[in-house]
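Next, two complexes with subunit A in common: one pairs it with subunit B, the other with subunit C.
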Partner chain A sequence: MALVAVRELRAERRQPDGVVAAVTFIAVLVLLESLVVGPQIARDPDVASALFWLALAFATILATMRSFDRELEDDALEGLVALPGGRDALFGGKVLSLTIVLLLVAVVGGVLSLVLLDLRIALPLHLLVVVLLGVLALPPIVVVDVVLALRLRARAALVPILALPVLVPQLVAATRGTSAALSGDAVGALSWAGLLFAFAVVYTVIGLTIVPAAIE
Partner chain B sequence: MTDTTIPRGNALPRIRPWLGIAAAASFVVASVMALFWAPTDAVQGDVYRILYVHVPLAWLAYLAFVVVFLASVGWLWTKRPFFDAVAVASAEIGVLFTGLFLVAGSIWAKPTWGVWWTWEPRLVTTAIMFVMYVGYLLLRGLSTDFSRRATRSAVFGIIAVIDVPIVHLSVLWANSLHQLPTVLRAGGSPALDSSMLLTLMVSLGAYTLIYAYFMTARVSLEIARQVRLWTT
Partner chain C sequence: MHMRTTRPIIRTVLSGASLHDATVVLDDRVILRSVNLIVGPGLTLVRGPNGSGKTTLLRALAGLLPLARGDRKASGDVLYIGHRPMLLRGLTARENLEFFVRFRGGDTRGIDGALRAWGVGEEMDRPVERLSAGERRRAALARVETERVPLLLLDEPFADLDEAGATRLRQTIARAREDGRVVVIATHAHPELDDLAKTRIAIDDGAATAA
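Let's turn to the complex of A and B:
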């Protein structure tokens, strides 16, 4: 699992198109937000948090699809699957590497949001915990859905259709938690963070249990 | 590709006519009870009678997606095509009933809340469940190889079922305009007049028979399709 993750991160460092696409996407959305709704509304903790997590969800889909595209282009998927414990390692390694990539994207997107929208953080540590757990909760589901749509026509449209409805509870929890941390509600932020942790654990376990069956 | 076995003949066509008769008869009885026998609600008037359609549709939506989940586990466990036939049949019927559930809810909401739709947790989570299973059917439609399609959709069928308890419990977890559970209440007996409760139970039975009838028809069709696929 660790080997797949390290290999993935090396590939991302050599050819960082997944990270670049995700960071550019999130930056464009932050800029568009204040243009579309106006700077006053954009600064509202609920609005800023919602947009940040929606952008991060789409960025996760982009980065995950790019990661699997790279495997398909290099015909590397069959090799990975043929390794002992290959399917589990493929799922776990992808989730691990994507989590690290997304943390980077979240930091860049978060800093951009804070600076451009001039957001005040009431509880910085709580915000850090919510963002960390929110990022942990996204990749398992998206990796599952990208695996399910692998080699299918129209998969660029299919993956968001499959992933976003399943991600709704995580997105709600992450948005509420971030908003609570921005506005100084410590109990709220930690409650939502706990829920995010539960989602991350549940979906990682489900993924490790059933996804190997879906990888051909 | 995973080895699969061609499904053998089944008993579904033999029981289907009987199920059809039972479903039609119970539907007529339930409709008569709902429209004429059950008393008028003291607060909502006759508008509340849509409850006898709306609640059974909600029940069938839940039931259908739980059956998709069980059949998906069955396919992954045994690789018997029968389970895949059950999963696709139940998903299609579940999408149909969830759509009708949303429409019936809207028809009730207009005179009661004054709007056809409101951003309320039960409505939104139900709409999300609907979209989720439309996605399930899309995933099936885009896959061509039988075994891969069955496996991919089974994995998604297992993940998607998590939305069923979320829909049901959303009224308890969030501030909701929607009525709280009146039959399956955590702390007591149903908060419903006995004749209303009886009518509701008859309606639930009738709609469950309709689901069973649709299932036998659709599963038979799917099995026939699978046989044709392997014999050509």
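Let's turn to the complex of A and C:
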């Protein structure tokens, strides 16, 4: 699993299309947010959190699809799957590498939000926990959706349609948790963080079960 | 009494693969029809016209396709190299081969030598997307030497190779055969391989017969 993740991160370093697309997307969205809704509303913890997580959800889809597009070029995916244990390592490796990429995107998006929207953080440590667990919870289900749509020509349109309804509970939990951490509600932030952890565990187990069979 | 052996493990393990009554259906089309096949050490050639099911047969042997009916057995690890080089873009040839070897728990020290022997020594640290099709093919075929697995499945391995590459591949096939490895090659050309082959299989419209 770690080998697959390292392979993925090395390829992403040389061809950073996924990271660049995801970072650009989140940066543009944060910038537009303050222009479209105005500085007062944009600074509202609920609004700022919701837009941050929506942007991160789309960034996850972008980065995951780019990662699998690269695998499909020259049939690299088949080379991995043909290895003994390759199918099992694929899911874990992809989730691990995408989590690292998304942490980077979240840091950029978070810093931009803080600077451009002039946000005040009441509970920085709680916010860190919520963001970490929120980022952990995103890739597993998106990787499952991308694998399910892998051989479809219309996968660029289908993946968001498949992924977003499933992501709604996670987005709600991440938004509420972030908003609670920004506004000083420690109990609320930790409760939502616990839910995000549960989502991460459940979708990881589902992915580990489904992906090796689905990749066939 | 225990006897110690210094011979490589690929000689001591009787390797092979088989398909029994294997039927493969893709997109509602029957691609392989009730194929019964046993491949053992030595070279097995799979011949047939375009679209006859050669690739599907190799992929079924590699366990890359679900069988609609029948079963597959393989003893020992399989190295399958398909139509395309199966190397990840963004990584160099060396990094790709290191990944495959490490994944199998092997020794990476032979990679540079193998890539040099295949004529991609100068290019081994360039990302594979900057290599020519022939260089990518050579780098992929170097896996035969770096991953010492007993069962080799090569699909049209001569594609994109120049004469020097083709000669190198023929030598590699001969050596693998002498080492007692199972080598299955799907190709519609290269009649010179007939002399090396222990078994020849003709495939047409998904049905395989001994040739």
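Everything that follows uses one rule, which is that the second predicted complex is superposed on the first by the 215 of 216 C-alpha atoms of A that agree within 3 Å, B and C clash if a C-alpha of one lies under 4 Å from a C-alpha of the other, contacts with A are read in each partner's own complex, and residues count from 1 in each chain.
Throughout what follows, a residue touches a chain if its C-beta (ideal position, glycine included) is under 8 Å from a C-beta of that chain, and two chains touch if they have at least 3 such contacts.
Everything numeric here is computed off the predicted structure, so don't read it as measured data.
S.K.: Name the contact category of A:Glu33: first (subunit B only), second (subunit C only), both, or neither.
M.R.: neither
S.K.: Applying the document's definition of touch, where does A:Asp185 land relative to subunit B and subunit C: first, second, both, or neither?
M.R.: Neither: A:Asp185 stays clear of subunit B and subunit C.
S.K.: For A:Leu3, is the partner it touches subunit B (first), subunit C (second), both, or none of the two (neither)?
M.R.: A:Leu3 sits against subunit C, while subunit B stays out of touch.
S.K.: Could you tell me if A:Glu12 is touching subunit B, subunit C, both of them or neither one (first, second, both, neither)?
M.R.: second
S.K.: Need the overlap of the two footprints on subunit A, from subunit B and from subunit C, as residue ranges.
M.R.: 216.
S.K.: In the complex formed with subunit B, which residues of subunit A make contact?
M.R.: Within the complex, subunit A touches subunit B at residues 141, 144-145, 148-149, 152-155, 158, 161-162, 165-166, 168-169, 203, 206, 210-211, 213-214, 216.
S.K.: Please name which positions on subunit B make contact with subunit A in the complex.
M.R.: Where subunit B meets subunit A, its residues are 1, 76, 125, 128-129, 131-132, 134-135, 138-139, 142-143, 148, 151-152, 154-156, 158-160, 162-163, 166.
S.K.: In the complex formed with subunit C, which residues of subunit A make contact?
M.R.: Subunit A reaches subunit C through residues 3, 7, 10-15, 70-71, 73-76, 78-79, 81-86, 89, 216.
S.K.: What part of subunit C is in contact with subunit A in the complex they form?
M.R.: Touch list, subunit C to subunit A: 62-66, 77-80, 82-91, 95, 99-100, 102-104, 127-129, 136.
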